[in-house]
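For reference, the structure I am asking about is given below.
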Amino acid sequence: MTSGGDAPGMNAAIRSVVRTCAYYSTECVGIYRGYQGMIEGDFVTMTARSVNNIIQKGGTILKSARSKEFMTAEGRKKACDNLKEHDIDGLVVIGGDGSFTGGVVFNKEHNFPVIGIPGTIDNDIFGTSHTLGYDTALNTAMDAIDKIRDTASSHNRLFFVEVMGRDAGFIALNTGVGAGAEEILIPEEDLGLDRMLESLKKSRRSGKSSSIVVVAEGDKSGRNVYQLAEYVEENMPEYEVRVSVLGHMQRGGSPTCFDRVLASRLGVKAVELLIDGKSNLMVGLKNDKVSTTDLEKAIKGQCEIDMELLRVSDIMTT
Amino acid sequence: MTSGGDAPGMNAAIRSVVRTCAYYSTECVGIYRGYQGMIEGDFVTMTARSVNNIIQKGGTILKSARSKEFMTAEGRKKACDNLKEHDIDGLVVIGGDGSFTGGVVFNKEHNFPVIGIPGTIDNDIFGTSHTLGYDTALNTAMDAIDKIRDTASSHNRLFFVEVMGRDAGFIALNTGVGAGAEEILIPEEDLGLDRMLESLKKSRRSGKSSSIVVVAEGDKSGRNVYQLAEYVEENMPEYEVRVSVLGHMQRGGSPTCFDRVLASRLGVKAVELLIDGKSNLMVGLKNDKVSTTDLEKAIKGQCEIDMELLRVSDIMTT
Amino acid sequence: MTSGGDAPGMNAAIRSVVRTCAYYSTECVGIYRGYQGMIEGDFVTMTARSVNNIIQKGGTILKSARSKEFMTAEGRKKACDNLKEHDIDGLVVIGGDGSFTGGVVFNKEHNFPVIGIPGTIDNDIFGTSHTLGYDTALNTAMDAIDKIRDTASSHNRLFFVEVMGRDAGFIALNTGVGAGAEEILIPEEDLGLDRMLESLKKSRRSGKSSSIVVVAEGDKSGRNVYQLAEYVEENMPEYEVRVSVLGHMQRGGSPTCFDRVLASRLGVKAVELLIDGKSNLMVGLKNDKVSTTDLEKAIKGQCEIDMELLRVSDIMTT
Amino acid sequence: MTSGGDAPGMNAAIRSVVRTCAYYSTECVGIYRGYQGMIEGDFVTMTARSVNNIIQKGGTILKSARSKEFMTAEGRKKACDNLKEHDIDGLVVIGGDGSFTGGVVFNKEHNFPVIGIPGTIDNDIFGTSHTLGYDTALNTAMDAIDKIRDTASSHNRLFFVEVMGRDAGFIALNTGVGAGAEEILIPEEDLGLDRMLESLKKSRRSGKSSSIVVVAEGDKSGRNVYQLAEYVEENMPEYEVRVSVLGHMQRGGSPTCFDRVLASRLGVKAVELLIDGKSNLMVGLKNDKVSTTDLEKAIKGQCEIDMELLRVSDIMTT
């Protein structure tokens, strides 16, 4: 099942799980709409052929949802009953933090084997260098910023572009470096408005007539992107300031090669772990190799932003 | 020169004008930043080689700007003096309504030959079936809506997507049909909020669990896209409603084949008209052929939305 | 049904035909694999919901095939019997020349109503300015040539790029102009090898260090793209010459906005014509309006390449 | 300087080297056309502003070339004299194996500091998990195969698609898994034609009516892609077989976010190493961290294909 916010590559992961089951002659059942569908018994039998031609599709054919009912012991009991009724012996959850938390609780209560596959564009899960959908989202956001750059530089404008990432600056930092942004504001770092202003002024003095500032949703400045824009407009009247919020398009689109390959690899491992009688693990990528992390650690661990990349970003905007 | 809002294909048009001049052994001078650069004498000599490798670039290498000074007779006098000083005998203006209005006034006062090339993503210029940049903007906006569709259908959500088009619904209508939107709201038509609600309810009853409503910036309902979303959320609590404003990315990007070919054709015609001693004309496309329109008519004429396409849109959302 | 070579936009046309039938409360049946499926009775009932989410897909969900059996009277008899057995009263054929010829013969023999929708990337059908898939193929081919340009100009190389178009130079001419090719070779025009050589030498003298020559499959020089490359390499040893045949990728991909909108419009018209009791017509686009052409004329008529665009191409490569 | 085959991301690396020099107040000189330009003294002074707006461009603004003259001691002497004449104290070579070999020899003879940045789409360099351009090439090739899939599945065809990789199967293996190919043929593995045939027959029996076989240029079967196609056609007459050679388009295009960020990181490190007095090192990525490898080891070391991914590929085509 897929759960929580959707991400490109979820379909590729579903395909991989289904095909690996077929390879090991194990029956595979898809659960629609995450934990909610588990409670409602919204199940479908899946064969190698039912996942034909979905590897390139964004979104998730199993749909996703949030479930309040699953937060109750009663809901989880119902869900467990449904699984047993269908002779299901193990669960692969494709999702993020919240979905894994549900899985851990479910496993504790019902001793039901659970393996997690990290699927979220935010890349904010401990125990894997990359989550499914992250690489695709980076390219989607960067392509959009490239387009904004075209119009910014035709008009000598300053653009504030908000990208996704409520608690994590991964998307902002990487798309900012990739799109050649003049400034990048992320939740992990609070440089203060004055430093930003100083940097924009320096950039202008150095001959740049247009600028892009990439801002993560959850930036620490305590102001949202519109307020930031207003602040700069007041203090740098020589600039025409514009705001663009990229929004939900970052969640969709056909996955990149990286995300499709990663999904294929993680799906194989997830099924093999269940077959081997393992549980409470998340599969992920460490040092370019498929590896596993304790599911609880994956939830509690702190992902850290790469300080070296922050430094690279500073040097690039010289 | 390019003037007003930038649009993909402007560089292709600059290239065409420059190369056509070279073909006819006529000197060509580029003017930076539109009328403002004309006043400031911000000129550059251009040869066939100076436009190498720009046909595929978004934005405009000559930059664009709005000029308050050109709205004064004094500013225009200064501009005219600059042109004469550089032995310039004719002017090609690549831009929209406002830029053409400037050109007409300038021509009247100083009897200076002016030819217009319609460059704006909004397609709101009379006398041409297509403006430069419109086809590219359609595809950019539609691709973004395709991505939003991925996430909408994974979550059973209703999305309000705002596309550009302050006074004209061309982009909304075409991207709406192209992206298979369930509802399209354009300035040319006021269906009323009730009809929209009715249509969304019908779509839901028919089994659709997610929906996209495409809204033009200048929609007639008198409410902006956020207010529309709120209204629906209140009246259809079964939907999770989200808003996405596509914004300035619609102005950028590498032009489509159509826009590059159109730019090449219009640039040739514009120069040939000047060489033939013509003035006060806009070049454009009518019935797939390059043709000319009186520049004043182009400004005053009313572009009409295609009623047949509105009907097609209704049928598609059955 | 879809028939002959597939083209992007065919799914959008299927969707439009199905939805228009639903709109008019008319039953709609899809036929798999063109005339061959018609003979084999490979039919499927289609409702408005069965075409959800296909507008953006390349290829054709109804598949396509060529049928030798349909070239016999016996085969056509069988096909007609199948249609009648399923209470089918009219046929919409989405395809090209060959498919329409089959439709005309079928109509003559069995007096069965047939409407054609032009679907082919080659744009070689009389009676419509654009066929479905053509605009998409132009952009696919042009994007590929843009990429080849990157490597060509990094290495001072000359590339011969073959694009599709066995009998028609539409793709070559438009992508050549759009990608800024130095030379374009099309079936409609035989300039001779000497002129090409002269032109490449001139381009080199003018300071260009890399060049792209776009060649239509069916070029009149009587030599294929590899032979052309060899000829130039022998006569211009200063160039490193490379060949790239773009091939079948030009047939696939998500359709452009233009192709999706066109498909939607033509599908509506096709069904409305059948409902009105019309037959033996092709729907198409003339002067930006949906219009109809006698199906036999569509087959026999000669599409002519736009001489003005050839001239534009010459001027652009000054 | 950039040298050898060009790759997307080379411009991003040039930009990074130039900006890092500016950051450390070090003068930076660009060398055109690799070692050949070094011999001819084809140099240009570069400042932070001269690399504006190139991060997103394919190819290399410094151009690339192969140089026979640099293979002679005389040529290298001339090159060294030119560097000294321009007060150049260290060299950053962006390229592949051959370029690094030249660098090592040059360093030995003239004791001139050299740092290598791995830039090649083939990913065949020891000491880095990723070379510049590889991620972009994967996505370019995969997108093309996705398009071919559209037409293959519309027609029940079998396609042989040749991707780049003369000595290494990285591109074939990853794009094959990413595009969901039914079979992948790479130089590192010789499965024999019989196994391929068996696998295709199995795929057909399992209900698949179309198939994609991805073949690396340097496949071990000793037959080229056309011969493979012929062989299958003879042995499986039920299939229509087609061949597509993706060719040079795989070398071009705007770099992905990954390649742009990698280029930015490696460029910083390369300059910092030179400033620190280091030489004969290649910068690269190991375990997601920037690291260094002895330049000679980078040349001689053997890159190994990921056997786990081969296994994943087998399972996916169940």
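Labels A, B, C and D are assigned to the chains in the order they are written; within every chain, residues are numbered from 1.
The criterion applied here is as follows: contacts are C-beta pairs under 8 Å (C-beta built on N, C-alpha and C of every residue); 3 or more make two chains touch, one makes a residue touch a chain.
For reference, the UniProt names are A, B, C, D = ATP-dependent 6-phosphofructokinase.
Keep in mind that what you see is a predicted model, and the values were worked out from it rather than measured.
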{"item": "Averaged-CA centre spacing for the pair chain C and chain A, given as whole angstrom", "value": "39"}
{"item": "Between chain D and chain C, distance of the C-alpha-averaged centres to the nearest whole Å", "value": "34"}
{"item": "Chain B and chain C: spacing of chain centres that average the CA atoms, whole Å", "value": "28"}
{"item": "Multi-chain contact residues (two or more partners), chain B", "value": "146, 149, 153"}
{"item": "Chain contact graph, described as a line, ring, star, complete graph or other shape", "value": "ring"}
{"item": "Chain pairs that touch, as defined at the top of this document", "value": "A-B, A-D, B-C, C-D"}
{"item": "Parts of chain C lying in touch with chain D, wherever the complex brings them together", "value": "2, 6, 8, 10, 57-60, 63-65, 140, 144, 146-156, 159, 242-253"}
{"item": "Contact footprint of chain B on chain C as seen in their complex", "value": "15-16, 19-20, 22-23, 48-49, 52-53, 55-56, 129, 135, 138-139, 142, 146, 149, 153, 174-175, 177-180, 206-208, 254, 256-258, 260-261, 264-265, 268, 287-290, 308-309, 311-312, 315-316, 318"}
